[in-house]
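Mind having a look at this structure? Questions to follow.
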Amino acid sequence: MAELTLVEAVNDALHTELARDDNVLVLGEDVGRAGGVFRATAGLRDRFGPDRCIDMPLAEAGMLGAAVGLCMAGWRPVVEMQYDAFSYPALDQLITHVGRYHWRTGGRMQFPITIRMPYGGGVRAPELHDDSPETYYVHASGIKVAIPSTPADAKGLLAAAIRDPDPVVIFEPKFVYRTARGEVPEGEHIVPLGRARIAREGADVTLIAYGAMVPVCERAADELAGEASCEVVDIRSLRPLDEETILASVAKTGRVVIVHEAPRTVGFGAEIAAIIAERAIFDLQGPVLRVTGFDVPYPYWTIEDSYVPSVERVAAAVRKLIA
Amino acid sequence: MSESELLELYRRMVLLRTYDERSVVYHRQGRIGTYAIFWNHEAIQAGATFALDDDDWIFPSYRESAIGLVRGMPAETILHWWRGHPSGWWNPAEWNVASICVPIATHVPHAAGLAWGKKLRGESGVAMAFFGDGATSEGAFHEGVNLAAVMNAPAVFVCNNNQWAISTPIEAQTRAETLADKAAGYGIPGVRVDGLDVLAVYEAAREAVERARAGGGPTLIEAVHYRAAPHATADDPSAYIDLARVDEERAHECVGRYESFLRDAGLLTDELVASVRKDAEDLMRAAIAAVEAEAPPDPELLFTHAYVDPPPNMRNG
Amino acid sequence: MAELTLVEAVNDALHTELARDDNVLVLGEDVGRAGGVFRATAGLRDRFGPDRCIDMPLAEAGMLGAAVGLCMAGWRPVVEMQYDAFSYPALDQLITHVGRYHWRTGGRMQFPITIRMPYGGGVRAPELHDDSPETYYVHASGIKVAIPSTPADAKGLLAAAIRDPDPVVIFEPKFVYRTARGEVPEGEHIVPLGRARIAREGADVTLIAYGAMVPVCERAADELAGEASCEVVDIRSLRPLDEETILASVAKTGRVVIVHEAPRTVGFGAEIAAIIAERAIFDLQGPVLRVTGFDVPYPYWTIEDSYVPSVERVAAAVRKLIA
Amino acid sequence: MSESELLELYRRMVLLRTYDERSVVYHRQGRIGTYAIFWNHEAIQAGATFALDDDDWIFPSYRESAIGLVRGMPAETILHWWRGHPSGWWNPAEWNVASICVPIATHVPHAAGLAWGKKLRGESGVAMAFFGDGATSEGAFHEGVNLAAVMNAPAVFVCNNNQWAISTPIEAQTRAETLADKAAGYGIPGVRVDGLDVLAVYEAAREAVERARAGGGPTLIEAVHYRAAPHATADDPSAYIDLARVDEERAHECVGRYESFLRDAGLLTDELVASVRKDAEDLMRAAIAAVEAEAPPDPELLFTHAYVDPPPNMRNG
């Protein structure tokens, strides 16, 4: 075990998986010579050569489209999108091809593409460096999506994604890239897709979150210690989704607050709420609340702290439920 | 080219022509859905692919739906595709023919990636992508060709310039004098050929494939002709096209032109023409019979190939 | 009043609005010379000239980006995307610019762009002519979204969109383009965004739908006539959303089935379910059910009828609720 | 150019240089966020825009964040932008300067649309868009320039070829010999100029603007130089760039070069240099004071300008 930051754990996973499987290659803007703008790909080019860690021309759609062709040639490409909002030019390739090509071949060809990108706000950046685009990705059929909140999960989920036979998108919460620190198993380490994590046990209220909102929920749970015992569920994997862990927690507490940074309308919180409304309605002792980004453009950073769900907003929602 | 090669090329053109004509009839009989007619595009499709080896890859658009025929793909597979039947979905690696690309130009980066990926592996294999004049306006075309050029990938980009994108004429698509001019912007050779002259198309493709194999990178080939049929069975061009011009174009269509060339060269007799046509017609008749005999698909196929390792709640709906 | 099909009503709205306001122009692929592949723009080029109804180069992102610039020059562009899935190349412009530019100017410049497109399945078309992409659009902040199900609404919502100061996306259900027929007011006709329509009154179960799923729900209501009295709510406008009409119906019936063609995960049904789970939990007498497309690629058309929600599937959901 | 014009151009270069240098310091003081340094890009920005009238439009990328200064936009507005303060958001129509475009190349179609839209209205007005060498790989660049060309729109596309896209060198971006070569693919003139020679840039832009005004359509200008500063304050180029080469480039930077020219021409004295610099520094000092005096924004601004006519549930969160 080594103590690593979240972005170091990502780097560790890439080193481990490239060493393990000669078919894995990394491509993206500035991933090679510079080692990535967040240094997530540091050392890969030196270690594995410029043909395994490739600086691509500035063209996100072209890059993801090329990854489709690389799969046809037997590669397992790991594509970095430099920032959340700069992945949007590639949505067309994602929706029309990446998610459908396996199906289109009658299941005869696999497209084990991993797309990873830093996402989310709070880092005092210019506009379009702060988006939480998971809805666009998880709505696309044929795609899997995972979002770690801890360094160990960042390594394990990325490794699982790289080995997965289907296309997987990993969103890495850049707000905690360097502040989330923790023990990370050395060498090969896999966290299977599709299993939620109980980040904290509790009895009265279930807080459901992923990415940088997990520590926010944990802090809210701390703050509420005298008032309510909060269980924090870290979803980790949005597709496949571990509905059973969510439902078991709701069955226990009867009260739910779902937290994410993305805008509320058809954010992933809507899906979780809908699943609860379908499968756990008689367990509920109160409304299913969502604490989310607002349905407005992500703001300039002097007021971003009023946009991103805060400990206060989460705690207020819990207090509403237990009042 | 040897005599037998010249005749094989002819055979392929006739096969494609026959497929196309029979498909239009089959569509009129209500047996397949909307169909993108490629009548008079046969010289481009047969000529360009004739320069390939079997381990080279073809990336077709809907306009080249039947191009697998030149590799021996069963015609019923393609008929099934147009019929919306799962038997129309094939394994690209079986024929080295990618799936038919319906959205415009988005397969150009796929071809770039395949070619580059083969090169990275040290494997031989050229990727040849087909697309239309309209496709050159799309960002995907630009990004794909640029990427192939930068990676020095063994790719050949064949633009079927039939001068129309549905109802949009080439003048509304580009201000460039030729589409081959676009090659300069990627630092690769651009060649313009008569798209109705199968030997000219073949020659341009042969050079491009040779260059690609020799490590010289991609080539852009513009094959010029004029769309002499509706865009697709659902299209009524009378609203936007000069039908007299179309008639004129149909008069010097590419299969007949090559036929005359072969006859003049003493390579083709009436008997041979008849037998080549008959073979193609027999093949299509058998294919249609096979299609008609195929059972309707099991709705379970909704789920079967969505994922290799499907998420449990995929079936919720 | 004239009896028109849905696509004729769209055409009528365009003729009326172009005649009314010289600043409105129509652009798209094949909208001019051909009058649109569904003839939605028929007659516009002849009547208003090739500078008001423009055949664009084949470039969806460029087209929508140009529309942003056209707004800066004082135009009100109406952009046609030829089919649902062919709008994806333009998602980047939509998310990064169309929905944010007004905000970016501190509210000083308006971007009254209308995007309209045929959407949805059931028409026996090749792949990628059948998608229901509303989630991608309604999640994008700064964007409004409406979906008519009747000819009169197709005209009125499109006219409202064209006159709206914000960017609005109209999805036109192509499955009923020519089969939905109805009385359409002649001349100027507006259906304001943000008001749902009670397509049918009922007491026992609320069916919530939009687009081509509204007639499916109506037929299901017919079929269930002896078993349950179904209220059918036609959402019409996804943003702004008429939450009050939904909640009033749920308060009355206590039972809800939400129906849409799009894949289930973060489909718009999730948002409606989440709103109900938050605001109407104590009104509910049973789970909130969704009948939707599956989380798989839209299938080849020989089996598409098993994908698109059918009268049978809707009826089965209702029967589950009233059992 | 008249003497006063030559001096005005100098004044603008110094203003831009001063803005840039003061911003880097201001960033180091922790008063603004990440900042995209444009040191030694002043000749391109001042030179190209000098060819415009006030009713022409400028479409900047982040690299031209301060280009509004040439139109008299207050420096504090731009400082506010980099500070993430809403006072940094301006009305494009007030200055005919579009908002700073953060994503690469996506403003190219905006410029095309504005230029075309002006033309459709019969109004005068040229659109000039700035972007980098990396931007030419994006589909948005391709689609925007093609569209402007087809519409014969009065647009000028200025590519700041500083030979790097963050850490990616131009050879990894394109295989074309020059970026100006891309113009042929759009059927428009392409011009390559020394991006450190402000008069050469101006001359190329003047010709392009004249052509655009005369109905001759768009031009692509490639202004070549070499990035002599980090990509942005957050960037450490030592990992990927040859710092000796950078030092060399810094030695013949563009403001000093123009200064020498003006001195040689007898147009510039030490006093004038000092006064121009002082004016620029005063302006920056005042701007920084204004920024420091500005109240922090009201969080209510989250909602204020999201929509003209906001949906009621926008505030739910």
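As written, the chain order gives the labels A, B, C and D, with residue 1 at the start of each chain.
Here is the rule we go by: contacts are C-beta pairs under 8 Å (C-beta built on N, C-alpha and C of every residue); 3 or more make two chains touch, one makes a residue touch a chain.
Quantities reported herein were computed from a predicted structural model and do not represent experimental measurements.
Centroid distances built from C-alpha atoms place B farthest away from chain D. Centres computed as Cα averages put chain A at a distance of 40 Å from chain B.
Look at where the CA atoms of chain B average out and do the same for chain C: the two points lie 35 Å apart.
Contact of a single residue of chain C with at least two other chains is seen at positions 56-57, 59, 61-62, 85, 88-89, 92, 96, 103-104, 127-128, 141-142, 239, 265, 290, 294-297. Contact with two or more other chains is made by residues 86, 89, 103, 137-140, 142-143, 146-147, 150, 172-174, 306, 311, 313 of chain D. If the chains shown are joined wherever they touch, the resulting network links each chain directly to all the rest.
Per the touch definition, chain C reaches chain D in the complex via residues 25, 51, 56-57, 59, 61-75, 89, 92-93, 96-97, 101-110, 141-142, 144, 164-166, 194, 239-241, 243. Interface of chain D with chain C (complex): residues 57, 86, 89-94, 98-99, 103, 106-118, 120-121, 123, 125, 127, 139-140, 142-144, 146-147, 150, 304-309, 311-313. Put simply, chain A touches chain D in their complex at residues 29-30, 32-35, 37, 55-59, 61-62, 85-86, 88-89, 124-129, 264-265, 290-297, 299-304, 306-307, 309, 313. Put simply, chain D touches chain A in their complex at residues 33-34, 62, 82-86, 88-89, 102-105, 134-135, 137-140, 165-168, 172-174, 234-235, 239-240, 296-299, 301-303, 306, 311, 313-317. Against chain C, the residues of chain A that register as touching in their complex are 61, 85, 88-89, 91-92, 95-96, 99-100, 103-104, 127-128, 135-136, 138-139, 141-142, 239, 262-263, 265-271, 273-274, 276-279, 281, 284, 286-290, 294-298.
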